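Each in structure tokens, the structures are laid out below.
Next come two complexes, and both contain subunit A; in the first it sits with subunit B, in the second with subunit C.
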Partner chain A sequence: MRDPATTARPAAPGARGTAPGDALARHVRRLGDDALILGQRLCETVTRAPTIEEDLALSNIALDLIGHARVLLTRSGQLDGSGRSEDDLAFRRTEREFENVLLVELERGDFAVTIARQLVFSHYAVLHYTALADAADPELAAFGTRAARESAYHRHHADRWTERLGRGTAESHRRMQAAVDRVWPYTAELFEEDELSRTLVATGAVPSVAALHDDWAAAVTAVLDRAGLTVPALGPQPRGGRDGLHTEDFAPLLAELQSVHRQYPGGSW
Partner chain B sequence: MTPRQEPAYTAPPPGPDAPLPAEEVAARIGALPDPELPMITLADLGVLHSVGITDDGRLDVALLPTFLGCPGLESMAASARAVLAECGHPDGRVRQVLAPAWTTDRITEAGRAKLAAHGIAPPGPAGDGPVPVELTAACTHCGSAATRPHSPFGPSRCQAVQWCTSCRETFPAMTVI
Partner chain C sequence: MSATAPTGPRAADAPADGGAPQEAERAAEFEALVAAGESVEPRDWMPDGYRRMLIRQIAQHAHSEIIGMQPEGGWLTRAPSLHRKSVLIAKVQDEAGHGLYLYSAAETLGVDRADLLDALHRGQQRYAATFNHPALTWADTGAIAWLTDGAAVTNQAPLCRTSYGPYARAMRRICQEEAFHVRLGFDMLLALCEGTPEQRAMAQDAVDRWWLPAVALMFGPPDTETAGTREPAAALGAAVSRRAIAWGIKHHTNDELRQRFVDHVVPQAEQLGLTLPDPGIRWNDERGHYDFGPIDWEVYRGSLEEDSHTARRRIAHRVAAHRDGAWVREAAAAYAERPTAPDAAPDRTTAGEGKPTG
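== the complex of A and B ==
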């Protein structure tokens, strides 16, 4: 274990320079935050899934997501030259310094909400990571190739459960529809671009997420159709995650994620 | 389920007088058992990408992660570092490289045979196309081809659970990726 007293403080997260690597580093950190927070949220379902197979499935998916976060956060710390490790970024930032989309932090809800969130996120992830395989940064490109294939299993899992619940009993149908209605407004933020991401897209450094929206909507709509579920109307779309503005659900999740680090700063085993 | 085998690897005799050459180090790292599937070695699994020498003369071991979140990655790296130290390369380093992406196509014929002998259906071809998430694998209990996917997620991230319609047993099958 490192001695906490001698552990160097990481660079202040607010101190963002203007070097070209900084924009890409922040973009990659956002994607890492999405994967980390969704992985942490999914961990809550361990021992609470309806069957043991489902317990294994959700925990394996959470494991993949945390694996994705490790690669992305490590790369982010290399790109911005801060030397921050994956652990520095996961455990030493405060709530406002996380820039994940709101979708991934929403409360666990019932099993249907877990599946609905996995449905919309995994379809997005496969499309986005596949496009990321053409990124200029070789590490990101290699990550995209790899993560897209892993995410295809998550998508398959969510598709099958959406169909099963949508076409199951009246109660499972009602709850699955309510779950899709619950997460749907939050999907808009996945495809939003701000000045930072538009600049990166313009230079060809990263793929445009906005350009993926129509393919995503078509694919998710096809699953909902097969499941006998209705695509919700797009009402108000909550946003703010990319600017570090979170829902009330986020702080308790982060507190739990960072609790061991707070008790044993720098601890490792 | 097959009882977990004790790792086949035994520590080599201690302390060579001179550092061993890269080829010998590569062979020893390749002979390490996989932490989660100890019946096969890292060479069988195809995760040892290269053992080279850096500009400053240190040994450089590159490992390919199987799944990005695989909990065995740290253990593999630690075992490889121990081999480096035993072989007279305490300053050698172990890296994980993402390209080329590891795929189940890298598992050797010997590795596939060992998996099958331990009741784990070896993976079918992964190829470059979409991942075949619905596996087909012959039953490891009765050999029947009439099996269907039970769950794509099994006892470890790299294994799925398949169900045999002939003998009505479940069995693990390597996830194709």
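== the complex of A and C ==
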């Protein structure tokens, strides 16, 4: 585990200049990457859910997340003046150019892992997108309003399943606790700020995610309590996604995501 | 049947002391009401054969939606643009929804979804054999939507008027969404056809492979003399179709619907600039229809084989999902039984597939 305070971090090749538009573009692209990669993981669960109702619910959430990614990546390409489209950004960047948090790329695991990841992410997303609704950039603000509303549904879905699994059977309790333990260390990165985001926060361009942590922790803890689950102890906190330093789970995911697009250079879809 | 007919076949709880003559009378009344285009509702009296035929057909239809999620669902992670990815997610999601409407319609006939799924998993009930064809490239998702869903719409549009009310109502919702899928499939192929030569070749290859499954398997075996076959299978098919038509379950023969589909699709293929892999296709002024080549029914029968590689894969995928989800369904059922559980009331979201141990 690298300590961010003492480890020199190589800049990701995706890092562009430091003009204000570029900084905001990169920040927005990071959020787009989070939504895209989580949506991709959920796509893997479709046709594999425990019930048909859950195939429906999870595909619905995946659809929202891909929708979020489209807005954010499109906006990023406009803000940095590169004119890159959502598809340029989704399908033509390399592993190191993606700056999603590690949480969203972790292998899908069982249904409990899906729910645990949705639980921690959706609680974060509602808080973050609600705050983003006050962003100076009108497109980001409009996105925040819409995405917060959709994420509230995702949060409800995750809350209900966390409780059902936590209080269902001995097996479901064991699996759900293991899943929470699995994803918990990766939640720290959601609230981490670096020089780029601190600068944007200081100018009032975007909300501070660090400031959302306590509300998030209180809300998730309340759900885990209701579910009879234990909040994991704070151990090592893997990070690196925001610098394009991923887990080994990531490259195969990206290869699959981009495979058809890259097989047909110059294709229009 | 209309709600204004409180007597007759609707009176399912009437004393059964009349014996066989009363049964015959009920059957006659039932057939008269169906012939008059009335809707049959779950609590109405109905002949056992009618009930069995409906359960078989609706279950097969529901299974087809659920198995049909797989060939396209497998491409969700590889869709080449975020727009196409969104469209495909929405389509697969619709198919799950269609499966749910249809299982619900079947349940009004006194069967249980869990039992129907068990029958599917054990190979005791079928689904559209079309889906036993492999989806080999991205363009297959377009060909499936355009041709297979197009065939489904042709088949299903008349089912919106089928005699059994819950089935007809489910079909009205389904048909609207299916028609949308067909348009999106066409649009997706059009994009490929207007793209690079490699994209266009991918589209043509997919249409080459999905044409016969659509035209043969989606409509079933020939059931009229005009299909140019004197095989005993056609005679049997014709008998089953006659029965289904008399009961108002079907309104057209397989061959009529097949012709309608061909007439519809040939001009669209011309618009796309794609060749349908049947050299026999040409306009017949005299008939006012497109002629098309005889279907190789050996291919049809071959596709019904349950031990083909893809067929085994489809069922294994379903069974694995069901097995892997057993602990989740068990947990949801246990949770729902807890006295303090907020969703102790029946909750389709969790208890849908019953039999948690399944």
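FYI, the second predicted complex is superposed on the first by the 251 of 269 C-alpha atoms of A that agree within 3 Å, B and C clash if a C-alpha of one lies under 4 Å from a C-alpha of the other, contacts with A are read in each partner's own complex, and residues count from 1 in each chain.
The rule is short, and it goes like this: a residue touches a chain if its C-beta (ideal position, glycine included) is under 8 Å from a C-beta of that chain, and two chains touch if they have at least 3 such contacts.
Please read these numbers as outputs of a predicted model, since none were measured by experiment.
Colleague: A:86 in the overlay: touching subunit B, subunit C, both, or neither? Say first, second, both or neither.
Modeller: A:86 sits against subunit C, while subunit B stays out of touch.
Colleague: Counting touched residues of subunit A, say whether subunit B or subunit C comes out ahead.
Modeller: Between subunit B and subunit C, the winner on subunit A residue contacts is C.
Colleague: With both complexes superposed on chain A, which partner does A:143 reach: first (subunit B), second (subunit C), both or neither?
Modeller: After superposition on chain A, A:143 lies in contact with subunit B alone.
Colleague: Which partner does A:153 contact after superposing on A: first (subunit B), second (subunit C), both, neither?
Modeller: A:153 sits against subunit B, while subunit C stays out of touch.
Colleague: In the overlay, answer first, second, both or neither for which of subunit B and subunit C A:163 touches.
Modeller: second
Colleague: For A:70, is the partner it touches subunit B (first), subunit C (second), both, or none of the two (neither)?
Modeller: both
Colleague: Would you sort A:53 into first (subunit B), second (subunit C), both or neither based on which partner it touches?
Modeller: Both partners, subunit B and subunit C.
Colleague: Quick check on the superposed pair: does A:260 touch subunit B, subunit C, both, or neither? Answer first, second, both or neither.
Modeller: A:260 sits against subunit C, while subunit B stays out of touch.
Colleague: Scan A:182 for contacts with subunit B and subunit C and give back first, second, both or neither.
Modeller: So A:182 meets neither subunit B nor subunit C here.
Colleague: Which subunit A residues are contacted by subunit C in one complex and by subunit B in the other?
Modeller: Touching subunit B and subunit C on subunit A: residues 53-54, 56-57, 60, 63, 66-67, 70.
Colleague: Over in the complex, which subunit C residues touch subunit A? Could you list them?
Modeller: The contact residues of subunit C facing subunit A are 66, 69-70, 73-74, 76-86, 89-90, 92-93, 96-97, 99-100, 103, 138, 191-192, 194-196, 198-199, 202, 317, 320-322, 324-332, 334-335, 338, 341, 343, 348-350, 352-353.
Colleague: In the complex, go through subunit A and note every residue touching subunit C.
Modeller: Those residues of subunit A that touch subunit C are 36, 40, 43-44, 46-57, 59-60, 62-63, 66-67, 69-70, 73, 86-87, 90-91, 110-111, 160, 163-165, 167-169, 171-172, 175, 256-257, 259-261, 264-269.
Colleague: Which residues of subunit B touch subunit A in the complex?
Modeller: Of all residues in subunit B, those touching subunit A are 65, 67-71, 97-99, 101-102, 130-131, 133-134, 150-155, 157, 161, 175, 177.
Colleague: Sort out for me which residues of subunit A touch subunit B in the complex.
Modeller: 53-54, 56-57, 60-61, 63-68, 70-71, 138-139, 141-143, 145-147, 149-150, 152-153, 156-157
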